[in-house]
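Please read through the structure below; I'll follow up with questions.
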Amino acid sequence: MIPLCPMKLKSSLENYVFILPAALIFVIFYLIPFTWVFHLGLYEWDGISPTRVFVGLANFKEILFEDRIWWASMRNAGYITFIALTLQNALAFMLALACDRQIRLKNFYRVLFFIPPVLSEVVVGLVWQWILDGNYGLLNSWLTSAGFGSLARSWLSDPATALTTVAIVHCWKGFGWGFLLFLAGLQMIPRELYEAARADGANGWSCFKHITLPLMMPVAVLVAVLTILGTMTGFIMIHAMTNGGPAYHTQVPVLRILASMMPPFSRFGYACSQGISVGFVLVALSFIQYRFFLLRRDSAQEDT
Amino acid sequence: MRTRWFYKIQRIGIDTLIHLFLIAVSASCILPLGWMVSSSLKTQETVFADMSFLPRELHFANYILAWQEGGFGRYFLNSIVYTVSAVIGIVVVASLAAYAFSRLRFPGRKILFVMFVAAMMIPLPGSFVALYVLLNKLHLRNTALGYILCMISVGLSMSIFLLKTFFDKLPRELEDAARIDGASKLGIWWHVAMPLARPVLAVVVVFNALNVWNEYVLALIIFDSKALMPLQRALMVFRGEYLTNYPLLMAGLTITALPIILLYLLMQKYIVKGVTAQATFG
Amino acid sequence: MRNTCLRRMAVPFALVCLCLAGCSPQPSVPSKTRTRVIVWHWMTDRQAAFDELSKRYEQATGIKVVFELFAPSEAYSSKVRAAAQGVNLPDVFGILGEKRDLASFVKAGHILPLNHYMNENNGAWKGSFLSKAVAMNEFSDGDAYGVEPGIYGVPIDMMTIRMVYNKDLLKELGGDPEQPPQSFEEFLSIGNKIKEAGMQGLVSGWGEVWLVNCLAYNLAFNIMGQDKVLATIRGEVPYTDEDWIKVFSLFKEMQDSGVLADGIVTMINKNAEQLFANGKAVFAFNGSWCVNVYKGMNPGLNYGVMLPPQVSDKYPVSIWGGAGSSFMVNARSKNKEAAVAFLKWLTTKEQQAYLSAATMSLPANKDCLTGIPDVLARFARDLELATHSYTWGISEYPQVIEAMGKGIQSIIIREMTPGQVASEVQKAKERQTARHAQ
């Protein structure tokens, strides 16, 4: 629908200038590969041979109805996501709140919390393996010396603890981002609001409840979306620590996709359809979240 | 009097608790860093045999050795060029688009934004083959420009999403005032909206810089020549198929992590300063 | 205002950077006077040795060979596939993957058949290799791959996978350091002692499926012989056969006896190597490359090499062995002849001896085996026992291989019984057979 009024048209055209560079890059470097991948999802192809066999929706059918490992890995990713959404984001928010206060050394803490995201997965993997190792691990020796020796175990290869352990390490590696975003959000709340509230006699808790929380909602949704994205597409830590094992206990979708694509499986087309399936789930999840948040925000705006 | 004392003690108590909590989390963050640095000062024979944090002999020469053997000089320069160009590109392109999505009206606004966000969500396995063929056709394969454009595209969606969320939060009064003063849309974006969004811009810069700095797989696929490879290539010398030279690898990783930590130190000031910026404008 | 100033500088700075990026030196164009042979490989730990060889070759012939090494191996594998799609492969390259992948590359016309070169002068070149090394890159009549029979790659080194044991720890356990366990019972009986002494038994990268399966196939060969194993792959014998259940149950016995290290099911081989090199494990199941790894981490490590313990005396024990890595010549390259000439030179006795000494690997040239260090030589013993799936003429479906490896992990963590694993593997086999029959 193009507006007929020339003023509006000019304004619209002017507005497109803002979008144009992003749209150009997006179309060339994202949309073209995307169509290619989407299209390949309909083929059986090993990634090498010049011939591809068209199989229609057979790959998707196989994912939906036959690939039990795929669904197990989706379940695992769901579990990790749940832990990350609760534990990681609560931790990030609390730390951001703490660092938003006028306390000593806060700049020092801020720097430290950002170390895990910066460190290479290799280092993090090695260090956590060294901490969690069943025989020589630090955690077990601490537990034993604290009198909880019965709890000591091979944290990463015991099926009862592997997934939770992996999830916690994932949270540890990722909470810095949530922290940073929450902090940026808190910093963008005008101080005057608090001062005015204080002048009206509000205490700390009601300031938090009536100013901080509502104003942080959009950031919280943003962080939640990014957290889901991080857990659903993150795999390097898991690859470094358990490689999806023992058996399939820490298997996640992205590891499966990579496995499908590379030898010995070499099922390029199948990997593409797996990627698209994950994409669908993620888009749906974020859409629901975003819708929820948009509706709430709109109604909130109407109230004021 | 009593109440004042009570509040003071309460405050000290709360602060102590907060500090304990912060220290506990910080300790877990420092541990791997300390391990990395301490391992980088050991030898291949002692790196796993001697697990102590302060090795008996400190092999500072590892850093020089790592720098030389990895050929860091060239790669370092490449990575700086890639990171700086890609991050500036992303910040400019993404903030323009995010501003438009947040403030301007034009047909197709919603659907375009949804497309950008959806793009962020869908992992594209094997898109590297498509990119390879595409860059080949554009004669951009094995060129820095092609790589930078790809990296801009990788960071774009997420940055637009981040920036739009924060632009939505900004008060509109300042922009309205500037419009009444006769500022153009681009002028408002650059002089009003961008300074206000400084905290989130800092996040976007750090996020994308880290991404580009650590990116390796795409670089490896589209560059054929070592002369164009980024920093991560240097680390691969110490991380072979069979042999891993752990001390040199750790020294290399420390060298690699430093610039990002520095950048973060530089940027995190802005995450605080957003408030003062607002105050000056307000 | 400083900030505005900074912002004003930002845009020109970005432009400068983009320009810099655009103009940064392009890979130098091959000079017209000289031939340059480009080689891609994934073993970055061999950079120094390859560079030295290339220097020697240039001195000898004036032809420049450039080794471009790309790691890690998964990224290398992606690179080669992308380059194959763009028809941009270098003159010489290595391929990672199954024999089936090699076949795909051949069918797509990327790889030059080397029969002619291998067989000229009465097969002088072919004859200079250990036969097991050449067989890896050979397709023969009637195999399952449908490729023109012939040799498609040049092996540059060898590897075998065996067991190693820590002599000092074995002595501590009351064993004879020169007499490692030979039978499976002896091996299991050490498990109790290991547990009592609070040590760790066997370490290996069993977090990666392929190393678990290596031992599983070794045991299967020993129990039912090669013919029955291959018949299973052809689908003539089910995995629920009692011999296969016996194979799987051996892993349960190992776990029950305590001979396996804790956490072996998620162990990555590099970690397993760390543990063994630092004297924290009695046994390791590892490839011949480990000699170099252990030497780097602990030159004083006192260890010996042994065969996997024998279960039955019906069939010989087998070990994995074959080419460690191979080079393929690009069929579309303009420098084909130069590339082949270089590979011929690279596999002569002198260069093989150099490569073997510099990288502590087994040479592919059969005349070099005498000069190698003692431990390494032990890895080269009994080569007649060596087998490799590349030489079987048929590949098992990867889904079946995965079901087997993951199933064995499940046995070790006591989630499945050997019988359940056997039926899971058989189900995977039937599913794949049905899918491919369509």
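Order as written gives the chain letters A, B and C; numbering starts at 1 within each chain.
Note that in this section a residue touches a chain if its C-beta (ideal position, glycine included) is under 8 Å from a C-beta of that chain, and two chains touch if they have at least 3 such contacts.
Owing to the predicted nature of the structure, the values given are computational and were not obtained by experimental measurement.
A.B. asks: Farthest chain from subunit A, comparing Cα centres?
C.D. replies: C
A.B. asks: What pair of chains is linked by the most C-beta contacts?
C.D. replies: A-B
A.B. asks: Report the inter-centroid distance (CA atoms only) between subunit B and subunit C in whole Å.
C.D. replies: Roughly 36 Å separates the two chain centres.
A.B. asks: Using CA atom averages as chain centres, what separation in Å is found between subunit A and subunit B?
C.D. replies: Centres of subunit A and subunit B (C-alpha means) sit 16 Å apart.
A.B. asks: Do you know which subunit B residues sit against two or more other chains?
C.D. replies: 92, 129, 239
A.B. asks: Listing for subunit C: what residues touch at least two other chains?
C.D. replies: Touching at least two other chains: 78, 81.
A.B. asks: Using the touch rule from the top of the page, what residues of subunit A touch 2 or more other chains?
C.D. replies: If we look for residues of subunit A contacting two or more partner chains, we find 47, 258.
A.B. asks: Spell out the part of subunit A that touches subunit B in their complex, as residue ranges.
C.D. replies: Listed in rising order, the residues are 1-3, 11-12, 14-19, 21-23, 25-26, 28-30, 32-34, 36-37, 40, 47, 91, 94-95, 98-99, 101, 103, 105, 107, 109-120, 122-124, 126-128, 130, 172, 177, 180-181, 183-185, 187-188, 190-191, 215, 218-219, 221-222, 225-226, 229, 233, 254, 257-258, 260-261, 268, 271-272, 274-276, 278-280, 282-283, 286-287, 290.
A.B. asks: What residues on subunit A touch subunit C, complex-wise?
C.D. replies: Result: residues 46-50, 66, 129, 133-136, 154, 156-159, 162, 240-243, 245-248, 258, 262-266 of subunit A touch subunit C.
A.B. asks: If we count contacts the way the header does, which residues on subunit B are in touch with subunit A in the complex?
C.D. replies: 15, 18-19, 21-22, 25-26, 28-33, 35-36, 51, 92-94, 96-97, 99-101, 104-107, 112, 114-127, 129-131, 134, 149-150, 152-153, 156-158, 160-162, 165-166, 168-171, 185-186, 189, 199-200, 202-203, 206-207, 210, 214, 239, 249-250, 253, 256-257, 260-261, 264-265, 268, 271-272, 274-275, 278, 282
A.B. asks: Spell out the part of subunit B that touches subunit C in their complex, as residue ranges.
C.D. replies: 44-45, 47-49, 78, 81-82, 84-85, 88-89, 92, 128-129, 132-133, 136, 141-145, 148, 190, 194-195, 216-217, 220-221, 224-228, 236-237, 239-245
A.B. asks: Which residues, counting only subunit C, touch subunit A once they are in their complex?
C.D. replies: So the residues of subunit C touching subunit A come out as 74, 77-78, 81, 84, 96-98, 100-101, 104-105, 107-109, 200, 207-208, 261-268, 271, 280, 398-399, 401, 406-407, 409-410, 412-413, 415, 431.
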